[in-house]
Amino acid sequence: MAEQGTLSAAGLGASRASASEAWGPRPRRALSRRNIIIYGTLTVVALYYLLPLYVMIVTSLKGMPEIRMGNIFSPPMEITFEPWVKAWATACTGLNCEGLSRGFWNSVRITVPSVIISILIASVNGYALANWRFRGADIFFTILIVGAFIPYQVMIYPIVIILREMGLYGTLTGLVMVHTIFGMPILTLLFRNYFASVPEELFKAARVDGAGFWAIYFKIMLPMSLPIFVVAVILQITGIWNDFLFGVVYTKPDVYPMTVQLNNIVNSVQGVKEYNVNMAATLLTGLVPLIVYFISGKLFVRGIAAGAVKG
Amino acid sequence: MADTRNGRPSQVFRNLNSKVASIPMVLTASVVFVGGTIWTVIHSFTNSKLLPRLNFIGLDQYERLWNSNKWLISIENLFIYGVLSLIFSLVIGFMLAALLDQKIRFEDTFRTIFLYPFALSFIVTGLVWQWILNPDFGVQAVVRSLGWESFAFDPLYNQDIVIYGILIAGLWQGTGLVMCLMLAGLRGIDEDIWKASRVDGIPMWKTYLFIVIPMMRPVFVTTLVIIASGIVRVYDLVVAQTSGGPGIASEVPAKYVYDAMFLSQNLGQGFAASTMMLVTVLIVIVPWAYLEFGRRRHRG
Amino acid sequence: MSSVIVRDVSLNFGAVEVLKSLNLDVAEGEFIVLLGPSGCGKSTLLNCIAGLLDVSQGQIFIKGKNVTWEEPKDRGIGMVFQSYALYPQMTVEGNLSFGLKNAGLPKDEIAKRVARASEILQIEPLLQRKPAALSGGQRQRVAIGRALVRDVDVFLFDEPLSNLDAKLRSELRVEIKRLHQKLANTMIYVTHDQIEALTLADRIAVMKGGVIQQLDGPQEIYNRPVNRFVAGFIGSPGMNFLEGQVSRDGSPSFLVGDLRIPLDRYDFSVANAAGAAALGIRPEHVALDEAGAAMPFSLETVVEIVEPMGSDTLVWTTLGGHNFNFRAPSERTLRLRERITIGFDPARASLFDAATDVRL
């Protein structure tokens, strides 16, 4: 039966090929109008999105004479890494000429503890909210979420006072605290929603087995929630590394994070503008989040989607 | 544990670990968010200068604020930037998402390209676009060198259009996020809806306009709230791209607050301005929250 | 005249062959059910007929017209989906009329068709409601209505009742049957539910692995399955299979364990079949006690498990070394380890080749 079927199909196929009668898939040209519109639009937009990255890269590899003469879109005639070296080690802000390196290490010293502490606190907190509800918890959680929409400017100065009272104003520790506070709404929400999606039976079974608050958190919830931790880490690294406002408000010049230092270098009014050094510095500052982005791929998107349910 | 005589531990010690774990949240919510906001609002009615003082002067700070040219320009800029960036990022974001949703090849590549600016800071974004829009070396110079001598495109040096220069950079940075949210929304639409509309012979654009977009209302609302609350905060981008210039043509409220508080030692002004920002956000958030919670109560 | 013809249709997704050179002729006004387990290609075939999927090879004719390259809207079909696929922002009336408006029909014609469809389906009181305000059964009626207003010759149903609870499902099943009798349209209906298939179909196409295993009337499919897959898939509880040998010593008989089941009354499809085979007996074809003893084949056995099902009782025992179940009337109380006499008529059994699973 089946054999006959395939035979006749082949026979039909051969005979139909010449006939104009419809057979098989609808004919689709690779260059149909639809495809031209879709891929054409996407390609043009993609080029537009890539343009700044391209300009940054080529500018940072050119010498100043070439920049003054040429066109910002043309590739460098002579590649030089001088601007990169200068941006990293000797570029001047109004105050010092140490390049971005100091800002880079400051940012590392800010980002690493901020990411760890904010995620630890928020994950335990989200776990408590999801699995160990107590009366009044929801009120504070609601305030926390609503607070995520309050402009930072409203809370900036009170925090200055709090930090000053604690003797932490202008220190890295103070800034880490600020990042922990402002990362809390979104991270807590992220973890609460994740832990709430873990089957409740698992939690109940663990309680029947005699595990308490911390035992369940460390032995059951933590091992299960690696992906959400990765999402949180990505979210926090990019968020904290890219922060400018808190850095400029709560730290002193010698502990300025990279973004603040970058802005001071590029927008410094003293001296001749060295655009190649500026672009090298800009690229250097953008490198960490870009690397995180390209490595994390789909998880970054998940982090954003998680951030989107803020409301 | 404390009082086991009547068989029940006292209320305070029940679930103790959970309460301990929630201390950071409770402190943040009550002290920083609620306390800080109230503190700022109260001090906006004082004549605090270098240091906060409780010397009440009524609405003087607000009067001064609304008589300040810099503030009025800030508000105007925020309004133009806000409305345009809402419209453009929603329209462009949705169109890109719709294009990516056509079961195309290289979807991941395109998505990666559209989203990468979102990973960059506003400072980096602002500085790149400052460079591209530089009239002596950037787009204007390139077009002129191609022979169109009178071509003028120098938004960052032109008071009248400087805010559009910032808008270009802001859209470049943020549209990817909108696209991502919209794509997630589109993927949430039941496949059968598309099949049904094909059987019914409804053209694709009509299906989007009359069926799919109405179905995505929650996604649009969420996106709108996210973009809007981001717009009110716009600060770094302006600082990096124009520092508020030329003159004060690209000032924004967030920058006004910072300048008043930390540069011109005029805390009272800063508090009043930030309270106005809070009011602006409330105007956006309250109707949305009302709708959201109203609907939920309706349902359950 | 044939209403729908599927000729040598194949469909590949990459290297996966979902449909394999498939042929199907549906007569005018016929109710065809495509039945099979999930992943057998039944929904895929329906989507190909609707034009929602492109075929890789072959042709599809509807009403004598080659529609292989036509858009769904031009094929003269209406379709009903499992998830209803109602447009949530539109009222019921809007859902029914949206496609017609797009086809540019005059207003009074649209009104007439909507009125007719809503009368047939008794959804007139719901016309101004939104889908969210309807129950599952009402939604599915509206979805059927949307196909109805298109005034087409062929209705396609893609598991339309799977999202409903058991009671509603049986109600709407009758409803669909009534609709078919009234309209006399061609209907092609996909389901994995054999009760739906057996009750609704003029003919059932049992599918597996992208191939139609058997295309026959419900009685034929039930009584004379062409292979072991169809035999096992149809019927609940499933058919008992006894693995043994067909012997041709003297009169034909089936040997399993130490039993010898006479096959002289069995209607062989293959002349002189012999060798390793499986004998399939439906649980409902087994009789108990005196009725069992009166059957052409009977034996004594022991009750092992009793499962009361309400209307009858399912009894498990052992026959020729195989687990064997049958239905007993619920009035007959059976105790564990009770010795009983059961019997069946081998003429009603099915015999399959052990190697090819084809009916012998």
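To keep things simple, chains are lettered A, B and C as they appear, and every chain counts its residues starting from 1.
Here, a contact is a pair of C-beta atoms (placed from the backbone, for glycine too) under 8 Å apart; a residue touches a chain by one contact, two chains touch by 3 or more.
Bear in mind the structure is a predicted one, so any value in this text is a computation, not a measurement.
Once chain A is excluded from the assembly, the chains that remain, linked only through touching, form one piece. Sorting all chain pairs by how many C-beta pairs they have in contact places A-B at the top.
Of all the chains, the one whose CA centre sits at the greatest distance from that of chain C is B.
Chain A has the C-alpha centroid lying closest to the overall centroid of all protein C-alpha atoms shown. Each chain gets one centre point, the mean of its Cα atoms, and the points for chain A and chain B are 16 Å apart. Rounded to whole angstrom units, the spacing between the C-alpha centres of chain B and chain C is 56. Measuring from the averaged C-alpha position of chain A to that of chain C gives a distance of 52 Å.
Chain A contributes residues 38-39, 41-42, 45-46, 48-53, 55-56, 59, 67-68, 71-73, 121, 124-125, 127-129, 132-134, 137, 140-141, 143-144, 146-147, 149-159, 161-162, 180-181, 184, 188, 212-214, 238, 241-245, 248-249, 259, 262-263, 266-267, 275, 278-279, 282, 285-286, 289-290, 292-294, 297, 300-301, 304-305, 308-311 to its touches with chain B in the complex.
The touching residues of chain B, counted against chain A in their complex, run 14-15, 17-19, 21-22, 24-26, 28-37, 39-41, 43, 52, 95-96, 99-100, 102, 104, 108, 110-125, 127-132, 134, 137-138, 141-142, 145, 172, 176-177, 180-181, 184, 222-223, 225-226, 229, 232-233, 235-236, 239-240, 243, 253-254, 257-258, 261-262, 267, 270-271, 273-275, 277-278, 281, 285, 288-289, 292. Residue ranges on chain C touching chain B, taken from their complex, read 47, 50-52, 71-74, 77-79, 81-85, 87-90, 98-99, 102-103, 146, 150, 158.
Residues of chain C touching chain A in their complex: 7-8, 10, 20-23, 54-59, 66-70, 211.
The touching residues of chain A, when paired with chain C in their complex, are 2, 5-6, 8-9, 12-13, 16, 21-27.
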